[in-house]
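Chain IDs A, B and C follow the sequence of writing; residue 1 opens each chain.
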Amino acid sequence: MKNPLKTIRETKPLVHHITNWVTIYDCANITRAFGALPVMAHAPEECADMTGISSALVLNIGTLTSEIIDSMLLSAAAANKKKIPVVLDAVGVGATRFRDEMAAKILGSVRVDIIKGNYSEIAKLAGENAETKGVESTSISADPEKVAKEFAKSSSSVVVMTGKEDVISDGNRTFVVKNGHELMGSIVGTGCMAASIIGSFASVNPDYCDAAKDALCYFGAAGELAAKKSEGPGSFKVNLYDEVFNLSDEKVQDMMKVEEL
Amino acid sequence: MKNPLKTIRETKPLVHHITNWVTIYDCANITRAFGALPVMAHAPEECADMTGISSALVLNIGTLTSEIIDSMLLSAAAANKKKIPVVLDAVGVGATRFRDEMAAKILGSVRVDIIKGNYSEIAKLAGENAETKGVESTSISADPEKVAKEFAKSSSSVVVMTGKEDVISDGNRTFVVKNGHELMGSIVGTGCMAASIIGSFASVNPDYCDAAKDALCYFGAAGELAAKKSEGPGSFKVNLYDEVFNLSDEKVQDMMKVEEL
Amino acid sequence: MKNPLKTIRETKPLVHHITNWVTIYDCANITRAFGALPVMAHAPEECADMTGISSALVLNIGTLTSEIIDSMLLSAAAANKKKIPVVLDAVGVGATRFRDEMAAKILGSVRVDIIKGNYSEIAKLAGENAETKGVESTSISADPEKVAKEFAKSSSSVVVMTGKEDVISDGNRTFVVKNGHELMGSIVGTGCMAASIIGSFASVNPDYCDAAKDALCYFGAAGELAAKKSEGPGSFKVNLYDEVFNLSDEKVQDMMKVEEL
């Protein structure tokens, strides 16, 4: 897409989240900094209605409970009906059986357009041998690019594996995004924020693979700019928000480090 | 009131919140920065007891569930009995029927001393035609000053409508506060923080209309000071906390932009 | 212990939290800044499994519900079985009967290795006459050092009382830590963060009394360094994260202000 950021800032899409209690504020705030409007609503009595007025749905199972999963299913069904993109951030899959089962339940019950996770979370979802240390990726034996591509094919979803290099695939096209900075891993929540940004970009771009690739390039570019001025995770996070706020499509154009395989 | 900030800092009132999971930390932290003591407690087994040792109660329905509403009713009843101020931040009213109904349930069951929301939230509560885009105000056809005044009369509450200009009315007096800066809208949570500040000011000033007006002037003044040093929402938020912390009644006195209609 | 920080950063222990919704992000983020890996998971279906792959368990009752207490008991039982340290932050004990009862229930049902609270919270737990103003300590009549020592003996736990001076005792050894800065009290959550740090240090040091003492020295030292550059709670918090991130065992060695009684 040519000017995704400009488009988001002009159309201000509403991005509905059902997410975890750790990074919920940062999911909301980064969505706002990119120019979209975040809303968080998980009550079963209203979640489908809220999705119904939204342009994207972001699900994040970081602090899941069975009740929250039920609300996610209600909202995802509403999103499927409205044909707006559903993003699933599979936080912690590979750490406990409950997470594995609930992620499988979501994927088996509703259409998820974009499945996102770190290397071990996605590998586990894809049926590989993988374990997640809490919510932290461990090294996987399989080749990430192959995992992403094949899982995208078998799931008919866009698959996003985040890490030092991000891999995005829809089964046909596979991109590797090399934007970003190691300080992004020094703060909690950049993974969750990435899912919110992917949801925001997908809300204005029907090519979800392209949207996910753009989202990670833009976020990574902001991270690179912020890192230059930062002395640690505290100042990095402050600068990250400032840089996202002051980002433009033109600025990112010259910074994108993306490769199509 | 002459020196509201000094009074808060000297008496350190306990301000009980039952609020949303997105901005709960900022509600607590801004309350502390103004000199009051925040406490968050929503369990039905204790919420009325916690209200019973508090000097104000702030209710915020940003991520409401029916269980949370039940706790709000228990706490509000305790607050009514103790005659301490109850603030309701009607987040997202006008976005889903559930929010409309739950807000109506609160207003119909207990005494709310100060009803706060953005333009479309309050317009919807007041029976006007209005829709809220998630938790974001949309433009309303009615005149905000008229809405605030009439809704204050009919509800016998102080009504606070926040936006580019804030309107505060108790039905007799109507104030327009023009303090503030657009960067306040660039971060999530300044609306929720405003409700916490109103609760803190109302806990030391029995004239709730005056307290709400002061609260918004003080917060807006801090926002103006912070904006001067900021390059985006990240640095703005840091500076906002510093400015609130370093605020004094004298400093704000010269900055207040308030008009009585 | 000689190099606790280096050890944490090399072994990256997983620290499982069941905590409150106000400061959950800061608990996670400070754990990460010290080099450990935080994970938050409270669903009864998975919390014991998550504890089972962790190296420490931190329980914080800041926004407790009876369901959360049930999850805490499941996780604590798993921690006891695995013989990993359990830290209880007794937030708000002395404010409501429900908190008193739930804290007593935890202490009566499972082994808690480290009991932490502010002066009035611990005094109340220890059976002294004490009241907590929400989650804020009030002055206690008893001698903190005596309370800590005797409660440590009677509970067979390490007891940590935080305040202007921190008192740590295992019943035999009693330490007073004088590191820290008053700006730490200007932001919400430093108490909760201290519990997370204690959990992180205890996960690599079987001498829990030593671990708790070190944790408070290191955190306090970072607070002192951060305060030098800060103009208020906003900049202080940013600098606190940067200083923790850039801390080393060598740096803290020269700053420790600890006394053994």
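Quick notes on this one:
Keep this in mind: contacts are C-beta pairs under 8 Å (C-beta built on N, C-alpha and C of every residue); 3 or more make two chains touch, one makes a residue touch a chain.
Chain labels with UniProt names: A, B, C = Hydroxyethylthiazole kinase.
Note that the structure is predicted; figures quoted are calculated from it, not measured.
Here the C-alpha atoms of chain B (Hydroxyethylthiazole kinase) line up with those of chain C (Hydroxyethylthiazole kinase) after a rotation of 120°, rounded in steps of 5. At the interface between chain A (Hydroxyethylthiazole kinase) and chain B (Hydroxyethylthiazole kinase), two copies of one sequence, fewer than half of the residue numbers in use are shared by both copies.
Chain A (Hydroxyethylthiazole kinase) and chain B (Hydroxyethylthiazole kinase) have Cα centroids lying 32 Å from one another. Taken residue by residue, chain A (Hydroxyethylthiazole kinase) touches two or more other chains at 21, 25, 237-238, whereas all remaining positions touch fewer. Those residues of chain A (Hydroxyethylthiazole kinase) that touch chain C (Hydroxyethylthiazole kinase) in the shared complex are 20-23, 25-26, 62-66, 92, 95-99, 133-136, 186-189, 230-235, 237-238. On the chain B (Hydroxyethylthiazole kinase) side of its complex with chain C (Hydroxyethylthiazole kinase), the touching residues are 12, 14, 16, 21, 24-25, 28-29, 32-33, 37-43, 45-46, 49-50, 53-54, 237-246.
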